[in-house]
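What follows is a set of notes on a single structure, which appears directly below.
Each chain gets a letter, A, B, C and D, in the order it is written, and its residues are counted from 1.
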Amino acid sequence: MGHLIPPSIMPFVLPVLYAVVIVAVLPLLAGYIVLMERKVMADMQARLGPMRVGPHGLLQPIADAVKLLLKEDIIPDKADRLMFWFAPLVSVTMALLAYSALAIGPAFQIADLNIGLLFILAISSLGIYGIVLGGWASNSHYSLLGALRSAAQLVSYETAAGLGLISVLLLAGSLSMKDIVQAQLDQGVWFGFSVPFGFFIYLVGSIAETNRAPFDLPEAESELVAGYMTEYSGFRWSLYFLAEYANMIIVAGIATTLFLGGWLRPGARYHEHIPGTGIEWLDALPALLTLGVALYSLKLAPTQPVKIQKIVMVLVAVLCLGVACVLAGALFAPPAVMQGIHGAFWFMAKVFAYIYAFLWIRFTFPRYRFDQLMRLGWRFLIPLALVNVIGVGVAIVLRQQFAWGPIVSLIPTTLATLGVAMLLAKDDAPVAEAQTAAGE
Amino acid sequence: MNTPYFLEHIWLIPLFPLLTAAVMLFYGRKLANNIVSYLCAGSVFVSFIFSVGAFFQLVAMPQGERFFTKLLFEWVPAVPYHMFDGRLAQFVAGWEFQIDPLSAVMILVVTGVGFLIHVYSTGYMALEGGYYRFFGYLNLFMFAMLILVLANNFLMMFVGWEGVGTCSYLLIGFYFHRKSASDAGKKAFIVNRVGDAGFLLGIFLCSAVLGTVRFSDIGPALHAGNFQKGDPWLTAIALLLFVGAAGKSAQIPLYVWLPDAMEGPTPVSALIHAATMVTAGVYMVTRTNAIYQLAPKAMYVVALVGAITALFAATIGVVQNDIKKVLAYSTVSQLGYMFLACGVGAFTAGIFHLMTHAFFKGLLFLAAGSVIHALSGEQDMRKMGALSKRIPVTYWTMLIATLAIAGIFPFAGFVSKDLILGKAYEQDVLLWAIGYFTAGMTAFYMFRLVFMTFHGTSRVDHEVEHHIHESPKAMLVPLVILAGLSIVGGLVSWPEILGGNSHFVHFLEPVVGMAHQSRIEPLKGPSSRIGEINLMLMSEGLVVLGILFAWYLYIKRTELPAKIAKGLNGFYELVYHKYYVDELYDALFVNRAKDLGLALGWFDTNVINGVGVDGAGWLTRFVSRASMWWDTWIVDGSVKLGARIVWVLSLPVRLIQDGLVQSYMLFIVIGLIGFLGYYFYLAHHAVH
Amino acid sequence: MIPVDDYLFLSLALFTIGVIGVLTRRNVIIMLMSIELILNAVNINLMVFSRMWGTVDGQVFAIFIITDAAAEAAVGLGIILAFFHNRETVLADEMDIMKW
Amino acid sequence: MQTLNQALFIFFAVLAVASAILMVTRRNIVHGAVFLITTLLSTAGIFLLLQAEFLFIVQVILYVGGIMVLFVFVIMLVNLDVSMRQVQFNRQWFVAGALALVLAGQFLFAIWVGRGALRLPAMASEISPKNTEAVADALFSHYMLPFEIASILLLVAMIGAVVMAKRRAG
């Protein structure tokens, strides 16, 4: 391959390849997250969810996509046509651009920027223009109110979430995604466990930043029809939709990288080998898991009601089997390849766990009122995040000056932050009640 | 020396009722009725125990030294002032509790009878609203009354005096939703104010003349001041104090409130308006007997007023039909007896009658309450009759009390009444005659009451007839106990002539004689004993006559009373309407006070408001108008002139200062261009 | 290698456009945005000279300028909002009295 | 590499200047704001060309992601259709424009006089692989006091903004 491509372009080839893969795969992934969401919701509400298209509705996303793309494209008469056209593009572009710095595994990264994290934050913070301009360009009150709410919400929660991330940056001492993961390996603990409050604040902040329940006020259907997307339909609407789910994956990726150890395997420092081979016990886990899923699908296949569904189910089983083969085969590949493939597996597993938490929260909590949302952001999360950051600073001093362990040094910080959290919650309760009483 | 416990803690006796009163009045609303009962009656019972303890510890002291004071704290610190005779004196008053035989007897009566009436009330008031309020007031009354009798000086006594007055007002108006009740409360309060004014003046005069308000210092002060018998100052003090006593104890002319006070609940009538509070006047006169003994004219006034009141009230009592009104006038009458006793110098007899009266009159009221209770609130005797079989316990106890008040041998009333009459006979036959006649009337109207209520034919309404029932145990037990006391009460001072030893009189003598040992009345010699026996027999005869008369009129010939009333039409009407005294007072005082109010109102409206306030307002408006003109044209004008001048001078500057930010920025740019040009110019020269 | 002059020309162009915007536009918000443009032009200069001398002092000053811009935007927009609530206008030449 | 840089510079510079001109001349304020954002992003790209990565990020996060959001927010709150139909330039526009051009001419003269005197050091990318750390070092050591003063300025501005925007009673 080396002799086919001029050497000056060589360093750009792999990143471009990755970029193409991401752009191609992401819509599909988003569609399947939607399916996952509907299925999880159905499960939590004791229903079945989509069952018709494909076995267990597995082909539903594709049907949805086809429907969206075939819909008539409507631009409102009084809309600002340029902006109306431009806004969804901004959203989706910024969402996709952020992937360029995300490290899916030790090998899968478009660009290892030394300001990687800041880059992702910067790019994803530009996504707001898609929402705001789209809401404004629609020339509709619902859209404009949704856009304004979105702007206020994003600005407020970006601060809190950013402060939550800073606690990790202090511990890792780097902005590069790779270095942050490496730091977690070196310190022997995922930062989500050593700074649980940073993780908590980022979790809440990231839900708010992706406009998901219980913070989905910009698109609260009971108040604003569909918020900033009210006037959008068809393909443009699906762009917004794609951007939203791409953003979910982004924040999940950031959280995974910063708090959940990125592509690290659980027990990354445990190196017991299977006797007689160079393979570690824990490395065999992914292959066995996917194999189990494949077998389960195969077992389900005969019970499907329609023939086509049986076939698709078998295909799913075959797909899983293939993945299992790849994962198993990687065990015998050179370490770099092995780590790349398994890292990607673990990374995606964590990302989906985080997204599952999103869904869980969405179907558990009722929607906030706007003033409650603002109070939570400014009066609870930001002070808490500040205390947490200061505490982490103290912990680092303790570690450097008194040689405390990486986990022990953070325990006082966590306790102090917990105390402040309780204080803030207690302090806020009467105010909240008074305001509710005055407001209603 | 080890001070006896109960004497040392004498101040606790009023404190217990105060505590429960506070609890009742602040938190009582939330308490269950039985808790209220236990707390209130319990606290009075504890006070009674302490009183008994104090009494016995006092008795245990030697005869002449039965006196003890306990200073709780200084109230009015020593204030120097000049007395009337120019001597310098210190005005001192403390919360100082005093116990001597007199106050010992009083606290026993107050707490003992008070406890029984509390117990009675738990039954009587069980179904009334404001249960806690009633007991709160009642306990507050107990506190005030105990303060009154335990006080060591006039000031503290006045506190109790006013306290009982307040509680009396509150309790008379207990059914405040009834206009008659609240009116009666106000009447009692206002009439008492007249008496209290006299009492207060008496206190002032006492402190100015004698230089002290402490009771135990009055005797030495009298001695030191070398006052003679009949000293006009002392007479004035005594008369003023008697005005107070007359107000509190319902003597002519201030008796009018007491009959109306029957609007209150019956236990209140029993406790406050029969047994304790109304006797405060008698107690006070006795307490200050040292002054009275040096003022014979005042004593005569007291005796006369007492005797006339006794007769006067008795005549009214004869024709009343309301069972409680009869008892009320009877009370006024008996109080008259007590004052008669005091007036003739038989203070001990007065106090003794006070005690026995507390027993039997308390019993009468309670029994009357029991009757009323049985008849579902009926008070008119014309609608009673033939109840003796239906409510036997009430009947028998009431009969005992009636016998006692009538003075039948050997009930309590016999002893005390005859003691008074005997003393009066020694002093003045006229007074004795009035008292003697009154005793007969008392027997008559009391038996009239009994006969109308319990005997003859039933005149009870049909509605009520079905509900007649004997009262609950809580009411009957106090009746029985008081009945017992009414029977044996006289024994504590059984006359020597009948083989007794007059214990009670001797016990009290130190108090009465404390002022001037030398002036103690000598004990009656054997020569007067024959007379005493004769007097007793005479009065017994009259009493029996009165009873028979009542029997004849109200059992035998029931149609006769109406005929007699018709025959004596004018007089009957006069008496039936209580001699029109209330109407007289209305015409003389109440309406005149209203006229005065109207006149003052007119004065306020037309003179103070019209001329004063409105005139001042007009003047102010006028001045402010002038000031406004000055401000507008002179002050403002000069300021405006200055502003105008500045405005004219600033015209050229304002052309540049147009308030537009962009034109200012333009000037910045112009300045920048200028600076840069100058810079280039300099650089050009530097190069060349 | 791009000469420093090119950056300076760029900076000058942006600066001039900003100055014209501030001086001529009636809308206060556009004026504020023009000021941001001027600050941005300054930042380019600072960055170029920082790069030229190989130190980071210029970048530090640029950070201070951005801080300043943030403060200015916050307060300026707050004033504009308050003014708009009172007067229903955002035109600079209608803001010609000191007090209302 | 060199040509790439050159091309990128020209691209960013043209984009920045064109957007700036459009920003100043547009009637619609929202469009103006969007063009200003474009200018700012182009400038951020130029920062990147000058190897100031941290400033690039600061420019994007703070300027574009923060300040301009605030602008857009306020524009949407105060946007009036009437303002679109009003005269966009004030009475002094001609004088002001002329004077601004004079000023620009003076600066141009200054740069032109000194042209070619200043040069960027060749290939400085080696010296700042850790641009963020370098800026942080300078900021927290030498420029500590100004940094603190700047934070106080921000605090004051925040309070001021809250006070200004707070709705007054009556």
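We adopt the following convention: a contact is a pair of C-beta atoms (placed from the backbone, for glycine too) under 8 Å apart; a residue touches a chain by one contact, two chains touch by 3 or more.
As the structure is a prediction and not an experimental result, all values here were calculated from the model.
Enquirer: Starting at chain A, what is the smallest number of hops through touching chains needed to reach chain B?
Expert: Step count on the best path from chain A to chain B: 2.
Enquirer: Would you mind naming the chains that touch chain A and likewise touch chain D?
Expert: Expected: no chain.
Enquirer: Could you tell me which pair, C-D or B-D, is linked by more C-beta pairs in contact?
Expert: C-D
Enquirer: On a C-alpha centroid basis, what's the spacing between chain B and chain D, in Å?
Expert: Between these chains, centre-to-centre, one finds 92 Å.
Enquirer: What is the distance, in whole Å, between the centres of chain C and chain D, each centre taken as the mean of its C-alpha atoms?
Expert: The answer is 6 Å.
Enquirer: Measuring centre to centre with CA averages, how many angstrom lie between chain A and chain C?
Expert: Computed from C-alpha means, the inter-chain centre distance equals 36 Å.
Enquirer: Averaged over CA atoms, how far is the centre of chain B from the centre of chain C? Could you give it in whole Å?
Expert: That pair's centroid distance is 90 Å.
Enquirer: By the touch rule stated above, which residues of chain D touch at least two different other chains?
Expert: 54, 66, 70, 77, 90, 92, 96, 99-100, 103, 107, 131
Enquirer: Could you list which residues of chain B touch at least two other chains?
Expert: 660, 662, 666, 669
Enquirer: Mind pulling the chain A residues that touch 2 or more other chains?
Expert: If we look for residues of chain A contacting two or more partner chains, we find none.
Enquirer: Looking at the whole structure, which two-chain pairs count as touching?
Expert: So, checking each combination of chains, I get A-D, B-C, B-D, C-D as the touching pairs.
Enquirer: Give the list of chain D residues in touch with chain C in this complex.
Expert: For chain D paired with chain C, touching residues are 2, 5-6, 9, 13, 16-17, 20-21, 23-24, 29, 32-33, 36, 39-40, 43, 46-47, 49-52, 54-55, 58-59, 62-63, 66-67, 70-71, 74-75, 77-78, 80, 83, 86-93, 96-97, 99-101, 103-104, 107-108, 111, 115-116, 118-122, 124, 127-128, 131, 134-135, 137-139, 142-143, 146, 150, 153-154, 156-158, 160-165, 167.
Enquirer: Which of the residues in chain D end up touching chain B in this complex?
Expert: Touching chain B: residues 90, 92, 95-96, 99-100, 102-103, 106-107, 109-110 of chain D.
Enquirer: Going by the contact rule set out above, which residues of chain C touch chain B in the complex?
Expert: 19, 22-24, 31, 92-93, 95-98
Enquirer: In their complex, what parts of chain B are in touch with chain D?
Expert: 660, 662-663, 666, 669-670, 672-673, 676-677, 680
Enquirer: Which of the residues in chain B end up touching chain C in this complex?
Expert: Where chain B meets chain C, its residues are 658-662, 665-666, 669.
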